[in-house]
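Shared chain: chain A. Partners: chain B in the first complex, chain C in the second.
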Partner chain A sequence: MNNAYRIALAGNPNTGKSTLFNALTGLRQHTGNWAGKTVSVAQGSLQHKGNHYDLIDLPGTYSLFSNSADETVARNYIVFEKPDITLVVLDATSMERNLNLALQVLEMTKNVIICINLIDAAEKQGIKINEHLLTRQLGVPVIKVSARNKLGFPKLLDTIDRIITRAIECNPVPTIYDEEIEEKISRLEPKVKELWKDGPSSRWVSLRLLDGDEDLMREMEKRMGREENDESSRVMD
Partner chain B sequence: MRESKMTLADAEKGDVIKISSLGLDGVMRRRLLDLGFVPGALVEAVRKSPLGDPMAFKVSQAVIALRKEESSKIEGELFNDE
Partner chain C sequence: MMNLQGLWTEAREQSSTEMRDEIVHRLYERSRKLCAAGVKYPEKKDVRTERIDAILTSPVLGFPIMLLMLGAVFYITIAGANIPSSLLADFFGSLEGPLENLFVYLHIPDWIYGILVAGLYRGTTWVISVMLPPMAIFFPVFALLENYGYLPRVAFNLDRIFKSAGAHGKQSLTMAMGFGCNAAAVLSTRIIESPRERMLAILTNNFVPCNGRWGTLILLSSLFMASHFTGGFKSLITTLVIIGLVMFGIVITFLVSWILSKTALKGVPTHYTLELPPYRRPKIFDTVIRSSLTKSWAVLMRAVKVAAPAAILTWIAGNIYIGDASVLQHVAQFLDPFGRLLGLDGYILMAFILGLPANEIVLPILLMGYLSTGSLTEAGSMAELKNILSEHGWTWLTALNMMLFSLLHYPCGTTLINIYKETKSKKWTFMAFLIPTVIAVIVPLMTTFAAKAFGWV
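After this line comes the complex of A and B, so read on.
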């Protein structure tokens, strides 16, 4: 179906991403309790309030800076394929590690929902999570769910619907770096924007340029039009 | 008493070390940061292999094994008993 909205699922390995994917789509994609389970990208569909959604289960990664093939697949999907919504699945029992990936995604794309999974397991361990405070601090909806016991699904589906219908707007709070870096970003960003108007977030690309991410530059070159290529090589010099 | 400034490679089993800096670059630095080896983080040496290399460290609720090559470049301070 052409008018289906695309929702990408991203998250650390072993956070129950595939369980959530299966619960939402009714598919039986194999889930297992070991890292690196999702090797390629699985896809399933879902209907809610008359809208069709395609769900894309990205490989589980700790990061999206492309240290491995899995990270490249996940990163490329989020920044180049531009899903309508990126759902970041976090493990409620290990928020510190998991928020690293969430912050990276928030730098890449705007329409993000943070989905805190395994909330029942966390509560059993005495972990309390204030999702309202997190929503305010991150600038995007934060929802607690248990994929295994299907808790929190109505709210998740409702939030997806409200983003698609523009009833709510995501405004990810940007990570601010030190003065030197911010100054360089402000010089790079207009040039990045000019080169590729409908490309990935210009702030994010600028940051990757400053980090010397050559792999990303090659990927961008591949995906940009030919004439744009000539210009990009000039900027990269 | 042991010198409190050390690298993770100097740790004994049970030591808790507060990381101060990472003397690594590029992909490996990024990877270690992603795994939770960030300045300010508390890391516990949980296991040593028979020859002392690699070593296992507990960092933000996960156990990660590091080779001496990397652990000797992560600096910190002993944080054992407060």
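After this line comes the complex of A and C, so read on.
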């Protein structure tokens, strides 16, 4: 079946990402407290409004630029496998730390939904989150949910549907760096685009180039070589 | 058209070391601004957590409290495990009579009785009665500390020391995991991003005793180190000896990390932010009871799975004679000179070698060896156990050396397999075997030499 859309779940460890995954797919899977317990990538499926979705539970990570095995798996999936939607799961009780990862994902891919989980726990603590303001400033839908008590699911599913049917469009607002870096990015970006038209976001690749991400270079080399070999038959892994 | 390599070179020329900092800095700053605009926190911050942290992570009190906590966990484990342990041993022992009758009734040959009861049954029930009670106490108590949020504070306290040893602060967490199981802890090193620091964590994880070694350490310590004391005081002395050993293991961890980070694994430790989560009341049933039970059960099954074949093998080796001695005795005699050098003996070394698959079975194998028939006595009383050991020339020094060897020696088979899977390197897996082994030889060599030179034994 080729009309299944792929949704990747990314997020920090301990944000209830796996709980959300289980609640959405009904697939039984262990959720853990230790960072990186969900190491192998779990998959599940979901039906909504006649569409079939495959959910991919990426390993929980604090960032997406380092070299840990978990981070590489998560990053490679988002930039190279290009899921139709990337769902970034945040912990409502520690937004500042969690938003970091969301900002990194926004640099990597366009169709992103920010899912603020554990909202009931946060509200109990007296934390109030203005999701409309965040939506405006980030340029992508921000939705509050509680995976544990299945709060906010209709809205989440509806948003997924509206992105897939192009009823709404995601326009991530990029993080702007200082002039020096921005200038270098603008010099590199066209060359990146020329080199690999359908590759990952050229702004993001430029940033990683400047950052000296050798691991990414090797990965790109590998993937570009593969693409040349079977240009026509690449659908998805 | 430009290729990837060219682009890389061009980017490298423009890049600087501050760039990564600037990128990370901007992301953090934007997160902060977004939160300032879109997230409202209640006026009252979590004063309770802050107040507790001021004590638990204080530069002065942090370490003593940590030691106290560690000591309390061990004391509860040691003192609490005694009675259920002997109850279990009695229970299994009492079943042996009926079992024997059954074998006689069914006219089953002696040698089958030997393998099944004297070898298999006694070996595995011994492991169960020695291991299960401490595990059933240690895991929940440790899980409680973990779930209350104390472990991240331990990481915080130890962070500076690990950094000055050239290692990653998170190594303290993987080290803590090692107290439960080194094989699992090797997997947990995935939380360390830098491959260099991850390797350090993997190579040194073995220097904290896993639960497979707790049994050996606790038993030997209470038999030989605290033998002049009784009651609660005995448990206290046992605990102190164990804490001393654990501290020694941790010192070795730092030392080896430091030496490696100055030689084979050169580098500067990377930065990371350690967020201290608020203290939370754990869900007692879900996380503490259930997880400890499943964990104890899993570890026990593994022990039994390994102990059963090892017990059979040992029994067979103890009952096949070449000349006037059994195979077991021949091997032990061969190893004896080297063992003596370390203040141990041939049987002890043989037990460690046969115990490679799992540390749990080292002591049972040793006892089977000593009883030369290759079978275990009814593992009943501790006094009897001490008699057996003393008859074979054991002193407190032998016990100390065996504890040190157990603490420092090569990782168990499962751990080595995991190390290979994680590092994908035969060389590093071998190093993970070699480094501890060399240290495990040097240290008892020194204690034995010192004890003899000063005339302590």
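We adopt the following convention: the second predicted complex is superposed on the first by the 225 of 237 C-alpha atoms of A that agree within 3 Å, B and C clash if a C-alpha of one lies under 4 Å from a C-alpha of the other, contacts with A are read in each partner's own complex, and residues count from 1 in each chain.
Here, a residue touches a chain if its C-beta (ideal position, glycine included) is under 8 Å from a C-beta of that chain, and two chains touch if they have at least 3 such contacts.
All of these numbers come straight from a predicted model, not from anything done at the bench.
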{"item": "Side-by-side fit of chain B and chain C on chain A, or clash", "value": "clash"}
{"item": "Which superposed partner A:L188 touches (first chain B, second chain C, both, neither)", "value": "second"}
{"item": "Partner chain(s) touched by A:M108 [first = chain B, second = chain C, both, neither]", "value": "neither"}
{"item": "Greater residue coverage of chain A in the superposed arrangement, chain B or chain C", "value": "C"}
{"item": "Which superposed partner A:V89 touches (first chain B, second chain C, both, neither)", "value": "neither"}
{"item": "First (chain B), second (chain C), both or neither touched by A:R97", "value": "both"}
{"item": "Contacts of A:L9 with chain B and chain C, given as first, second, both or neither", "value": "neither"}
{"item": "Segment of chain C intruding into chain B (one of 271-279, 325-333 or 361-369)", "value": "271-279"}
{"item": "Residues on chain A lying within both footprints (that of chain B and that of chain C)", "value": "67, 94, 96-97, 100"}
{"item": "Touching residues on chain A, where the partner in the complex is chain C", "value": "14, 33-36, 39, 66-71, 94-97, 99-100, 103-104, 125-131, 133-134, 137-138, 175-178, 181, 184, 187-188, 191-192, 194-195, 206-207, 209-212, 217, 220-221, 224"}
{"item": "Residues of chain A defined as touching chain B within the complex", "value": "62-63, 65, 67, 93-94, 96-97, 100"}
{"item": "Touching residues (chain side chain B, partner chain A) in the complex", "value": "27, 30-31, 34-36, 60-62"}
{"item": "Residues of chain C touching chain A in the complex", "value": "1-4, 7-8, 10-12, 14-15, 19-20, 22-23, 26-28, 30-32, 34-35, 37-42, 44, 146-147, 177, 187-188, 190-195, 198, 273, 275, 277, 287"}
